[in-house]
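Step one of this worksheet: look at the structure below.
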Amino acid sequence: MRIDLNADLGESFGAWSMGQDAQLMPLISSANVACGFHAGDPGTMRKTVRLARAHGVAVGAHPGFPDLGGFGRREMKLTPQEIEDLVLYQIGALAAIARSEGVRLQHVKAHGALYNMACRDEAMAEAIAKAVLAFDPTLVLFGLPGSALLQAGLDAGLPVAAETFADRAYHADGSLAPRSEPGSVIHEVDMVVARAVRMVCEETVVASDGTSMRVEADTLCLHGDTPGAAVLAAAVRRGLEDAGVMVASLTRR
Amino acid sequence: MRIDLNADLGESFGAWSMGQDAQLMPLISSANVACGFHAGDPGTMRKTVRLARAHGVAVGAHPGFPDLGGFGRREMKLTPQEIEDLVLYQIGALAAIARSEGVRLQHVKAHGALYNMACRDEAMAEAIAKAVLAFDPTLVLFGLPGSALLQAGLDAGLPVAAETFADRAYHADGSLAPRSEPGSVIHEVDMVVARAVRMVCEETVVASDGTSMRVEADTLCLHGDTPGAAVLAAAVRRGLEDAGVMVASLTRR
Amino acid sequence: MRIDLNADLGESFGAWSMGQDAQLMPLISSANVACGFHAGDPGTMRKTVRLARAHGVAVGAHPGFPDLGGFGRREMKLTPQEIEDLVLYQIGALAAIARSEGVRLQHVKAHGALYNMACRDEAMAEAIAKAVLAFDPTLVLFGLPGSALLQAGLDAGLPVAAETFADRAYHADGSLAPRSEPGSVIHEVDMVVARAVRMVCEETVVASDGTSMRVEADTLCLHGDTPGAAVLAAAVRRGLEDAGVMVASLTRR
Amino acid sequence: MRIDLNADLGESFGAWSMGQDAQLMPLISSANVACGFHAGDPGTMRKTVRLARAHGVAVGAHPGFPDLGGFGRREMKLTPQEIEDLVLYQIGALAAIARSEGVRLQHVKAHGALYNMACRDEAMAEAIAKAVLAFDPTLVLFGLPGSALLQAGLDAGLPVAAETFADRAYHADGSLAPRSEPGSVIHEVDMVVARAVRMVCEETVVASDGTSMRVEADTLCLHGDTPGAAVLAAAVRRGLEDAGVMVASLTRR
């Protein structure tokens, strides 16, 4: 058994720091690097790519809405063409910086509101898939299992990776419980580890109504922006390895 | 005899239009496309690349300072590392959009204050050359003949193109007369055409003190942001062709 | 009979020009001045305030979403607190520049998607009214007649102005026909003039289904961003004056 | 004896935190609040004004260059008119938010590169003083003692405050030693406290060449962006109070 562990990194901007990149990088296999629209800047992108390379971590683009002030978490109503263009722009910008560091991109994961909207909205999902395909048809597109985003990737002939969250509650229909719902974010380290192991080894998760349901898991997201993020991430990785799971990026499968 | 004719295009931004791209594109052989930092946006970049492709015009990146409000014309004191990173970012962004349109970049021309400062400042010039080299060592770097920018390109082993301006006055030392100087911008169509022909056919120009001096000319810049820009550009092209000069992009040499 | 004629002005940004401010200013009584978030910049704001002052035109703030790239026309999901703060910020910025020109603000008109969303959404409408009230309770708040925005202004005790559009089709329920609907924008000068006169003199408009309906009209919006904008605006003003209507800003009532 | 203690606060932006505002606010008498151009955003501005009010701390505007990516620390070549307009814009924006919290501005302190350049450059200094005067002639303008900025304030008839830095080395000519110079920033708490007390009580400072020189001190700047900032600030305040100095904002003099 093997799993990819991914985290959103490189989310500093100019003089502002964010996240615990140095602590998380040794624990993950895939880094989603912000591309300057919701976070990140050319210098931060370079530093993040270098750090990933030093730890043998695969690099992916993490494009977001053009909304620095809202960190790409606020929904924006853009046309599919606008989305296709801004995703392509951001992938290209990161790929250029990565190339100058001798690194080739592995994947693309949309950020924040762009990710969430594209998981539900077919036209947005297709726009993202179209941009990825146009840039490099070997890039892996990340998305929630069963989402419009993942489906658009499959329809476009792209390799895709179903992404799960060990620290988030799921509804019985397979959707993520929204953050506004009590209990939607799980903080107990042991429970998160147990869920991670079960997701990867049994491909199941216990939904918020107590029923067990199947969940695809090609890559597991570790959050990096909470105070105990690195501690939690380390526990998840150790838990998975103790259960005999090999942590490896997707290109190494 | 042959010459490349270049112009700065794709300088619209969002709802704001600028320039006479549709009129200029049929007259030039190389388009310098703004990359979103001083002007341009992902959608404008795509439209401009398409228009260039439709007219068989070669596409180059036109990276600028991160200063939309100042159109990249205000000097900013950045470190060489910041400059290298933002040039690379912008080239990559345009290259991705161009790739999705089946177009490969031909060249890089820095914009506005970035161009002017890099023509004088070796560290800035090296930073730009380093970015271009890292992305693609076959890209042609534009710069004023005799400038630090052109020299940095040569030192990096990049193909370079010496750029001249038929509608600008030159000092006897080969430098451009600053725009603040009376007579620095030449508006008379016949005079601009005559200067263009002389620059290309004889590689000389009459300086502001009346002396004739040598000037290298691989590519000649046509301005697109003035009222009579398209008329002037058409006259220059016709004048060159009447003098037996072939207008062709650099890659076709 | 009297009416206020308003137009969105000062929508240039940096090197980019927009609108026909010089042609429109002599025709209107109230100018809605962009405040730097969707359009406008400090220098443009000053020039626009000066031009308004020279023509005896009242000045209002025209705050928008923080979305230069989308000209404030793309819906963004912000919290009411975020909206209150950004409206206050923009009003204050313009008021300071106006004060330095000896001008006091008359009104506030939200721009683009912010206006449209606040006309439907009570929480957004209240946030805008709260910001206006906090800054200056004598400022007139603009909104569609019958909208949540106008109601929020009334509830806050603000003076309000019902705004109508002579060049836009109305549905029988009083709502504006969306721009995507065929026939929603009326281009024939004579018809626009006739509608304007009827709106002001009879307070009625013929809806898209042919029925006549009542419409409140304190201020009539003249668009400035279309090619024939100034011609249309001049015709509307002349038509109103020929019908015995006096054009005057709201503070002069 | 009395002194004003000021610090740059409200420098968070969107999702990014910066500084130790909660720790510093109880220690200072004047807060310089970022206005959204180099740092800060409408929501952060409101929170910072509220925090200042809760601690009885006077609020001032801290306008900077339009350069979020460089935190306003990179020199930009703007015209005096551009500087006047952007300073006015930022003061107005903060004043509006402060007014909604029942707070009136006390002072204006330019930020980063804008401050440093205006201390040396008369035209920039005059532009800033002109903006402050136009907005409110009772606002106190901060500047280095002996600088062009302070002189421009005096010439404009504004109240001014000479600002000193207890943790920075001074040259014998009264200028601050640039940060690039070894020993230019003093980290030893005892030495900083001793210098602060001497600056306030004796109006002298020991320059880097060992000579003692006079230094005006109306307000003393405490830095908030270093790891030990709050500890150092607390020590300076205690040291001053132990020496019998009263810490009070300028308006309370």
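In this document, chain identifiers A, B, C and D correspond to the written order of the chains, with residue numbering beginning at 1 in each.
To be clear about the criterion, a residue touches a chain if its C-beta (ideal position, glycine included) is under 8 Å from a C-beta of that chain, and two chains touch if they have at least 3 such contacts.
As the structure is a prediction and not an experimental result, all values here were calculated from the model.
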| item | value |
| --- | --- |
| For subunit C and subunit D, chains touching each | A, B |
| Same or different residue numbers at the subunit A/subunit B copy interface, by half rule | same |
| Pair with more cross-chain C-beta pairs in contact, given A-D and A-C | A-D |
| Between subunit C and subunit A, distance of the C-alpha-averaged centres to the nearest whole Å | 43 |
| Whole-Å gap between the CA centroids of subunit A and subunit D | 41 |
| Where subunit D touches two or more other chains, by residue | 41, 69-70 |
| Subunit A partner contacts - residues on subunit D that touch it in the complex | 12-18, 39, 41, 68-71, 73 |
| For the subunit C and subunit D complex, residues of the former touching the latter | 36, 41-43, 45-46, 81-82, 85-86, 88-97, 99-100, 131, 134-135 |
| Interfacial residue positions of subunit D with respect to subunit B in the complex | 66-67, 69-70, 74-78, 113 |
